[in-house]
Amino acid sequence: MKKLITLLLAVLIVFGMTACGNGGGGNEGGGAEAETIRIGVVSTFSGNNSGHGEYCKEGAELWKEEVNANGGINGKLVELVYEDNGDTNESYQSAFVKMLSEDNVVAVYSNGFSDQVTMVIPDADTYQIPFLAGNSSQACLNQGSDYYWMIRLSDAIVSPTMANACVDLLNMSKVAILQVNDSYGDGMADFVEEALKARGAEVALRLSFDGDVVQFNSYLAQVEAAGVDGIVGIAHQEQCGPLMMQIDAAEIDVPLMGCSQFATALAIDTAGESADGWYSLADWTNEADTETAQAFVKAYTEKWGRVPDMQSVVCYDAMHILQAAIESIDGEITPAAINEAIYKTNNIVGAMSTYKCDSSNPAYEHCLGQSIFTTQTVNGSGVVIGVAQR
Amino acid sequence: MNRPILELIDVNKAFGGVVVAEHVNLKLYPGEIHGLIGPNGAGKTTLLNLISGIYEMDSGRIELNGEDISNMPAYLRARKGIGRTFQMPRFLDKADIEENIRIADDLANPVSFLKSYFGKNDRAYVPRLNELTRIAGFSFNLEDDISSLTFGQRKMLEIIRAILANHKVLLVDEPAAGLNGAEIENEISLLKHAAKNMNMGILLIEHSMDMIMNICSNITVINFGSVIGNGTPDEIAANQDVIEAYLGRSKDA
Amino acid sequence: MYLQLLIVGIAMGMIYALLSLGIVLLVRAVGVLNFAEGQLFMLGAYVTFCLTYQVGMPLWLMIPIAVVILFLFGVLFMFSIYWPLRKSTWSATIIISCLGASSVISELVKVIWGNNPLVYAPLIKGTVKIGGVNLEYQYLIIIAVCILMIFLIQMLFDKMYVGRIMQAAAQNKYAAGLLGVSATLTVAATYGISAALVGIGGWLVAPLFLVRTGLSDFLLKGFAGMVIGGYGSVKGAVIGSILVGIIESYAVLLTTTYQNAIVFLVLIVFLVIKPDGLIKGKISEKA
Amino acid sequence: MTKRLLNRKTIIGAVSLLLFVLLFYLYIPNNTGAYTITVWNSALIYFMANIGTAIMLGSCGMVSFASPAFMGLGAYTSVYICMNYGVNPFITMLIGMLVSMLFAVLIGMALMRLNGTFFTFSTVALCQIAYTVYNGWKPVTGGPNGIPRVPQFTAFGWVAKTYFDNYYVLLTIAIIAFVLANRLGKTNFGRAMNSVRDNELVAKTTGINVFRTKVTAFAIAAGFAGIAGACLAHSTHYVVSTYFTYSNATMYIIQVMIGGVYNIVGVFAGTILITMLPEWLRPLQEYIKLVYGVGVILLMIFMPMGIWGLGSDFIKRIKKRYHIKDNVTPIGVLAEDQEVGK
């Protein structure tokens, strides 16, 4: 009897599975492929970080509308394909491989976490499809992939800028680094510590916390005891608000510098008045004063009824880079051709920055971003006080 | 008579301030059915728990076949040969009857894990199980669930399980409670079979004086944790202390 | 700094205590570890936020209504998660359905209130300086409410008839049935009280840590507090939670990377060495 | 009579084995895309870990959240030895398994003093500790960045380059694990575990060392988890602390319970179902997890014994409907009656 059930179950599972797989695959491809350019977006649309996916999708959709309203790229309309990457690293990889192998896309954008991106870069190489990512971990660039492209500035590039700002602008000499202990925070903190030391500042304390920690009082007691004259914060968006509030409440009166997350609308909104006085090295702020940035914010707010997040603008700019690359192709639009074209990216003006493929330093060749904002939060909004070019 | 198979020497046990066993001495001989009686709460079941190692004694000595087992954990005592049944029959209720029987067989015929892993699933115990079940006068399928047996059948299966485990000593806790007349008859023949044919020493707690007087060759009476009488059924029936303990209790009630 | 860390630890421990009080209530009444308690905590924050800002109720009206809503939700929770499985012979089934429920509550909250954290203004703004630490006034309110709750629960269990029935129900369902009280109602009431209690806890911490789904992450620390304190003891749960807060706070001196590991390592060591906890609970069945 | 029975059983067994091999080795890889294969791969890995959890839960009656901790131990040990000493992944995988088991014995000796809920909670704590260590101990685990470019499975010059290659490797390992574990329940140790689960008093009075049985079960579970972890690292070419979180542990427990704790085939079905569910529910978009949560609750309420329980009920009903009798061994009936009864 047990064997009978076993058999039944096995057969059911297998046919259920393959039926699903075929059904999924059957919808794609065919005639549509010839007329449209299919671009994939892998992001989180369910689970704990589904906010990232929403912002990302809104940015991508905005771009698609603009492009298709102008007749598409080289006369071809654009189609966006989305995959939800779920909660686990394994499901991220599955979603990514699905995008590469079954969705007939010519390029993929994803804003996964750094460890997830690290995980799937070899897949992009295997399938030879350009992979534009919204993360900023130098570890990803260090993999030396041909197909991985970083939209933002790498941590390794941002860190000296941050160190300079700390030392020159904020006169820090003895610094405490508060970092989130994940792939993003740890990588960034390493570079910042190195850069600060190079500028002669002392890193008196480096305290790390998990991604779900929101209570920093015991850390702040240590910071206070160490008598530092500056704090560098590297945290997740959701943690920035509580961190800023608690530093304010603890009356630690030193210059404060945060990573790009500290300048996000969400962090500033949640922290309220406590956010005032924070400096940040931000890839994006809604107060960015360039023409393209303002146009983007305006269009986005009109379309979606809320202000954009960094996730939206990175995705939007990634699409612009792809657009420029595809426009420059004469012949057939293939993933390989697009990848070649991205190598020739030169001074494309996006909402966030201008983009350029600079082959002078092989370590940063695949990092396309060129500039980053230095902002100060005043009265609940991030005011741009400078733009650092790389 | 030969040497006792089980001997309790000056066993003491107290829970907090309540003394449940005080200077208990007891001898159980192989092939003997030994009754253990006393009023409710006299400490009979506690004594079984002390012997089988479920409780630890405060002081005293328990010898099995001349070997001191006082400090052994329960499972080692079971391996040495002490088996028991419970007032409410206890089984693996998520497993079928076969598995319940086989744990006894594992104890009787221990094999190495590897042999059991690669060996054939043999059922050498089936003929004996058949015989015992026939004595007990009921029947079942090995693949059935325990819940398909009646309460009385379960109590008897518990005894059968203990016999199949080849225990030297069997502690039986109120085997007749909840059984009808026919079942009690069958149970008595099962116990007698175990004592006579397998030379087991059986220590029996029972409230039914009929049954005790019928099958026991020796009886020990305890009250408030201490032994107040010991002897053959006839001696016990004439023992003044025992009569007082029982009558005194019936007066209170 | 040592004094400061102590105060910070106690303050945080009080927050864990809010959660572990709710857990201990269920443990005492039904003997179940509720893995969705963290979500009820978070739900409290969202419900009070909704009533205060989206409905616009004043505080005096908001609290009783929130308590009623949360109580009813607790009763609903009991009938959908616990009741159908009460007779299951596998303890795992209830754990699994609690895990399912936690996913459902989180997602419902997201569907209704969106993904982004919401801001809840503190009752009294500003900070107070205690032993060299600037603490938000909110912490004082938390401590006060916490003490009040301990008092109320003790009253409930020791003085009131219902409480004694609840305890009887936990220890012996059969006996509780004999008392002539519907065991169903007492268990339902316990779930309701637990949900309301924990929900109020969520309301109290919302001004400190925002109204967000991540609030449920405090659950494990609440569990830890209850286990260290003594399984099923109300006082023990509070003391244990404070101890967890203090350990966590002092762990920073040693290492920050392994802070979490230290807290849970202490917990395991505690469990193994002193399985009954600090204060022996009414229901101890550990070893 | 027994011989004929054996024959029928053997035929069913042989046919199902053949079908199984055809289905899993030939049909699936040739009829699915790379993406579906990656989903299968993770399902197979989860399955290996879940065998351990199922042994703990179904046989020993203990709810354990510890499997990610031991998966991590297996994975990091294997990757560390493989990358630093250039040993073949298949060998390091076994070393990883042994290290997991060793740790499980040591930890188990401490934790097995605890009963029920307390044991469960201590495994949750264990899971948290393990994650923190994996995330913090940079020289060995690569910290939060993990270790990229983990060597692939290789054997005798053959290298598992694609996900399909990995599928065959994982399937083979999973089948071995399945066969090993399936037999376990029919041994004396399996019965010892069951008696520990159902009634510790019976276990003690039939000579079963409850403590040792529990520790051994914990170690076996850790062994399966260790293998699964190593497979995860080598088949995704990457290992990072976020593979081994508490939320993964809750997912594994759900998979086991949904499948049905009694039987490893049920566990397999549950693992596949929960792994595939998000793929099937994809049209629901952001409501996926909501539906998933409701589904889990309903499944627990209406089929607490999981898919396996449902399947066996179904077959029982069919047998009743068509008057198919099980092969039973009657006990206690006189020999003459037995002859007549036939």
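Letters A, B, C and D mark the chains as written, and numbering starts fresh at 1 in each.
Throughout what follows, contacts are C-beta pairs under 8 Å (C-beta built on N, C-alpha and C of every residue); 3 or more make two chains touch, one makes a residue touch a chain.
Here the structure is a predicted model, which means the values were calculated and not measured.
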Minimum number of chain-to-chain touching steps separating chain B from chain C: 2
Pair of chains with maximal C-beta contact number: A-D
Centroid-based (C-alpha) most distant chain relative to chain B: A
Chain closest to the assembly centre - both centres taken as Cα means: D
Rounded Å distance, chain B centre to chain D centre (Cα mean): 40
Separation of mean Cα positions, chain C and chain A [Å, integer]: 36
Chain A-chain B separation of Cα centroids, rounded to whole Å: 72
Separation of mean Cα positions, chain D and chain C [Å, integer]: 33
Where chain C touches two or more other chains at once, by residue number: 106, 110, 257, 259-260
Sequence positions of chain A contacting 2 or more other chains: 50, 181, 208, 210
In chain D, residues with contacts to at least two other chains: 132, 135-136, 286-287, 289, 326
Chain pairs in mutual contact under the definition given at the outset: A-C, A-D, B-D, C-D
Residues of chain A touching chain D in the complex: 1-11, 13-14, 16-18, 20-22, 24-25, 45-47, 50, 84, 86-91, 93-95, 97-102, 113-115, 118-119, 121-122, 126, 137, 139, 143, 181-187, 208, 210
In the complex with chain C, residue positions of chain D that touch it: 57, 61, 63, 110-111, 113-118, 120-122, 124-126, 128-129, 131-133, 135-136, 246, 250, 253-254, 257-258, 261, 286-287, 289-290, 292-297, 300-301, 304
Touching residues (chain side chain C, partner chain A) in the complex: 1, 4-5, 8-9, 11-12, 15, 106, 110, 115-117, 119, 127, 133-136, 208-210, 212-214, 217, 248-250, 252-253, 256-257, 259-260
Chain B - residues contacting chain D, complex: 52-54, 73-76, 78-79, 82-84, 86, 90-95, 97-99, 102-104, 106-107, 110-111, 113, 116-117, 121, 123, 126, 129-130, 133-134, 136-144, 161, 165
Residues of chain A touching chain C in the complex: 48, 50-51, 54, 181, 207-210, 212, 214-215, 217-219, 221-222, 224-225, 238, 241-242, 245, 249-251, 266, 269-270, 272
